[in-house]
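Chains: A, B, C and D, in written order; residue numbering restarts at 1 for each.
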């Protein structure tokens, strides 16, 4: 099919040219004497993306799911009581993992479209005077429903209860794109992957941990080797890895981190907010609703858009794919057929958002929805031209 | 600046992923015994793009300008009388070249926005009973003004006059994108370059010649070596080149020709017409005019859009570039500041056209033009959804 | 430093141009409707490399170490008794993993330079009439010492004892390079990674399992999610993955498997034997010894070469790296400083082996070893020219 | 065929990884406002490679042959008397071009294997008191025979005669590899191409001219447009080009020039001499002779090696290609069948030279020549280890 494929799933995201070029490499000697000259600064660059100044990062050849498992295996023990919440496919899967690994999971089930129930967490933590709860889990950005949650609030709840539980955060589709501050928010394990805000192909699980997580590790009794912190620490400290690292991806990661720091995390977050606001203006103009139930939960990285009764969102998606060479995210599990998702994170600008919205319009019109041609993309254009961008050369020049 | 660069100049065009991958090669031995296994079929594939079944093609490491010169040097002699017309920067430059090379050029000067004056050609040729005119030149698609001309009509004029002059056609921004039929139209030298319909980086001048051009070559007295047909023919016939060819580009050309033939020339032409019609619907909706003065001259590969009095088109272009990371074509020479151009040729689909139109709208709004947000892209979407596409998987599957 | 880097570590190996080109891709939608058209044949191609016709393969974004863990987690239970042997760094690490994961490991410790003690295995298995031993582990090719072991013999030992234990084989540096026949040898879990015989960057753990392993899986009680067979099977059967796969590597894997099958496994094995024999001829000519203690243990994928008393092999390696831009493998753990390793597996030919041997000679001479210039590479040339190659165009043409 | 292709033709040469990565780009807007930020420093970097501080460079999308023609067309007029010499295929072709373009060529025919007859030039120039001779041509490095000539001597001859003729030098296979000093040697037109010392794919003709050449240009009457200095100067001065440049190659050129200047021209020349000396040591050890008749003519970029009577050098080459996946240069024209050529220029190190020599040995032995295995490569190793390299990290670190 002619023309570029337009990729608007919430990850893998679009890869910058510079990153792609950096990965076009021949194979390399991961035990070379100068390999640490490359890896040691890389660890620092990655850590800065998390705003983690006191702990360390682990770069696993795996995925976000692998980093979820690494976080649990390395800081907790079988049977530990943990507090979790479930309001979308990815928060669901993390709960499922925790249960299968043998944790004693206390789950708050929320409606899909809501976020982390911070007040309930606060209440429960306050009640847990014996500190039975060893860790609190929170999905920062639920990719399935386009819901961002209040991690700072979860930290406040822990602090209010003076509770020592670890704070475990899934930031796979938030970190590097929307505000995240591991130090300030006291996040102990922050989980990410290469294929979202880091703008790389999938293949790396990226885990950033606090010094408290490293302390907890000493008493964590899960069996582990592949994901073991100890093996990583012993070799990473020398600039090496306990097994062959995915060097090609690390080469790309080095460049993407440089790009992130050059643009500036705050500028990136502002850009994501501006672009996401354009998408939401379009959704309003179409007369549609987001899956995210309240404004406070609107995600700046992905929008899950509810289709009207009588329509199947999968038809919108398959039309976009087969007729317009464009990939949108599908509705997962409970919301299958009810939503289609536009990923708007990573290496993105106004033109790309316009593409996404235009193809969404065409696809919705094609399946018979009552959408006025140009209404949504027009609303986004209206938004982009009536507000100040901080995403142009200005930033590049700073 | 974040996000992809959006390239909507009328060449270089967007390069398909497959072509890019094919050019990511180490260097190669252009005298290897199996090199002809690669080049000989390649010559045939390229020839088929021109619909040239009786002549041959020349692949020069150069550019369209080089192929212009090759055509003249190899088929004409200093002092030869030729008929040309001038109605835009590229037809102007070809005239300039012909004059500087020492041809006796008779030029029809037309308004920029008009095309080849077929009737005047017909009249002049009829009057030339002594066959003083050795060649008739026509710019198939004037890239500067977005004007397509009637090459078939020029051939008819020659035939009506029973005139033996060679027909020289600049098809740089037409061939491989809009209808072109070298055999049927009796084109003797058809000039193209790698960076337009062939969807490659710049660097190749592609010249397709008829058997009559090869015959004329025998008496052509321009001095030449680099562009000499003879040296090329002698070596090409063995599958080699008279000097080191741009093998990397040839590797890409091989793949792009395969893609062209897989999609099918007729399907490609239909796709370009469909996408160009969307652009023109947008221009209408914006209340703007094209530089091309009549419908018959509307180019399906590039639209030169006139900005209203009081505005400078260069501001639209620079806004698009600096704020939205998008390249439009500038107005050249006489129409500088009066037009901006959207290139819509090559590896293109509806989503990409929507990007171009959205960014054009944003840029025009930003510079203060009275454009309704969403009007143009909406009109294109309306066009795309209300007409039958023949650009989807259907074709791919055929 | 000028000129190509020469990579002669035993993995990552040299990557074919075609594989590199195939991985130069933009990012892709791993939930696209046509994604299974890519993945389903890929699973089959990979399976054929193992000669596994009855089981299935798992492609984890991880490493060989990850696939080791996947094999254990999915087919065994904590406390299970297993039989292992240890004679090099990698067999050592697998033992270490098994112990840390909580298996009851019975280890035969052999000298480094020996291989799997088949006779001892046979004896022990015969003695285990109550079938307490649940699995027998064997490192097919010990990468640290350049020792290949007799997996067929281990199967014979199991069969002779009529023992139902699973046969777990580390084939990371053997599969795709030297003879391996999962079906015929009754291997239940065959572990590999992307960066050796598969000629890809590191980043995939590849695990091929028999139907008996899948049966054993039903009763395996290790906690697991990331490496879980169940999650993989449920999604792989539809052509998808339980989490974002490393699509870029899968694209490369698709091409490398095609290349493997085009050359033919038997031809690849013959090529590796021929090239390895050249290396061993050089070692003889240098008057040096291999770490592998007996001819039957000579590995066709990697040679660990003992330096004479008074020399430190690390000096040879660092000279090769810093002066000749060449990477050799270092001696690991017990043999550190005593051996340097030449990896001769994957995408390799006579010219590349000559490079390795020439640089080895130069480096050894530079550090003061008494090596006659040209002696080793000359012996290899002698071998290559006096024996029949089956590695030229002949094969390509077949 | 398995393993890397080994490229030892005297161009295209081996491309550094960094250059290859730099060319893996999407297409670009060659009229963008920031394009001059890229091109203007590039012109300077290229100029520095020629050691040209007073003139300018031209970057044509073409080849070395194109740059030959550009030099003639832009500085001379039809009928001008010029002095040339012929002693190999490339000096022959330049003479042929000059004649076909209409110059009055006075040729010194030398034996193939000799170089520019400096004494004869001196004598002839001294005799030309009326300054009829407008230009003196010299092939710095005759790629066909592996002969380097004394350009400084030609300048001395001109100066001794106080002769104003232009000095035109073909440096295609010398510049960027062996000593060349345009300023000091008073070279008026220095011709090169992208695919030799510049370590890029073919596709650029690179011409560096002195201020005297620019002065001569004002009176040069050859018809020209594609290669016209005027059109180039007018646009280059603004950072643009008169027609679409081969931007992809320019991106690579930018990186290769950076690499050249980082290594340092003097270090590069020393490296080439060291590596070429290794090749010549091998030729001696084989008992063979070079085509270059005297030591002073030995080229440090390419060696043309004479095979003994009774053998056809083409058999050596075809064996290398078909059996060992290695490309050597063939004997051209008069020396076809009598020589095979090893290109040893560009991105090269000791390991790569060893590969070339090893494969040459294998191929010669295979065709039945009486060559002792290891003799040549051993002599080179002897040379490399007994002399000081200035090609390691030392330089990189400087």
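In this text, a residue touches a chain if its C-beta (ideal position, glycine included) is under 8 Å from a C-beta of that chain, and two chains touch if they have at least 3 such contacts.
Listed by chain with UniProt protein names: A, B, C, D = Aminotransferase class V domain-containing protein.
Values in this document were obtained by computation on a predicted structure and should not be read as measured data.
Chemist: In this assembly, which chains make contact with chain A and also with chain B?
Modeler: C, D
Chemist: Looking at A-C and B-C, which pair shares more C-beta contacts?
Modeler: Result of the comparison of A-C and B-C: A-C.
Chemist: If you average the Cα atoms per chain, which one ends up farthest from chain B?
Modeler: So the farthest one, by centre of C-alpha atoms, is C.
Chemist: From the mean C-alpha coordinate of chain A to that of chain C, what's the distance rounded to whole Å?
Modeler: Computed value for the inter-centroid distance: 35 Å.
Chemist: Taking the mean of the CA coordinates per chain, how far is chain C from chain D in Å?
Modeler: Here the centre of chain D sits 44 Å away from the centre of chain C.
Chemist: Find the geometric centre of each of chain B and chain C from their Cα atoms only, then give the gap between the two centres in Å, rounded to an integer.
Modeler: Those two chain centres are 53 Å apart.
Chemist: Provide the list of chain B residues touching at least two other chains, using ranges where the numbers run on.
Modeler: 4, 14, 17, 20, 24, 26, 322
Chemist: How about chain D: which of its residues touch chain A in the complex?
Modeler: 17, 20-22, 24-26
Chemist: Where on chain B does chain D make contact in their complex?
Modeler: Touch residues, chain B against chain D: 4-5, 7, 9, 11-15, 20, 23-24, 26-33, 60-66, 68-69, 78, 96-97, 100-102, 193, 195, 201-203, 222-228, 242-249, 318, 321-322, 327, 329-330.
Chemist: Write out the stretch or stretches of chain B touching chain A in their complex.
Modeler: These residues of chain B touch chain A: 1-4, 6, 14, 17, 24, 263, 268, 271, 322-326, 347-352, 354-355, 358-359, 361-362, 365-366, 372-382, 384-385, 389, 391-393, 395-396.
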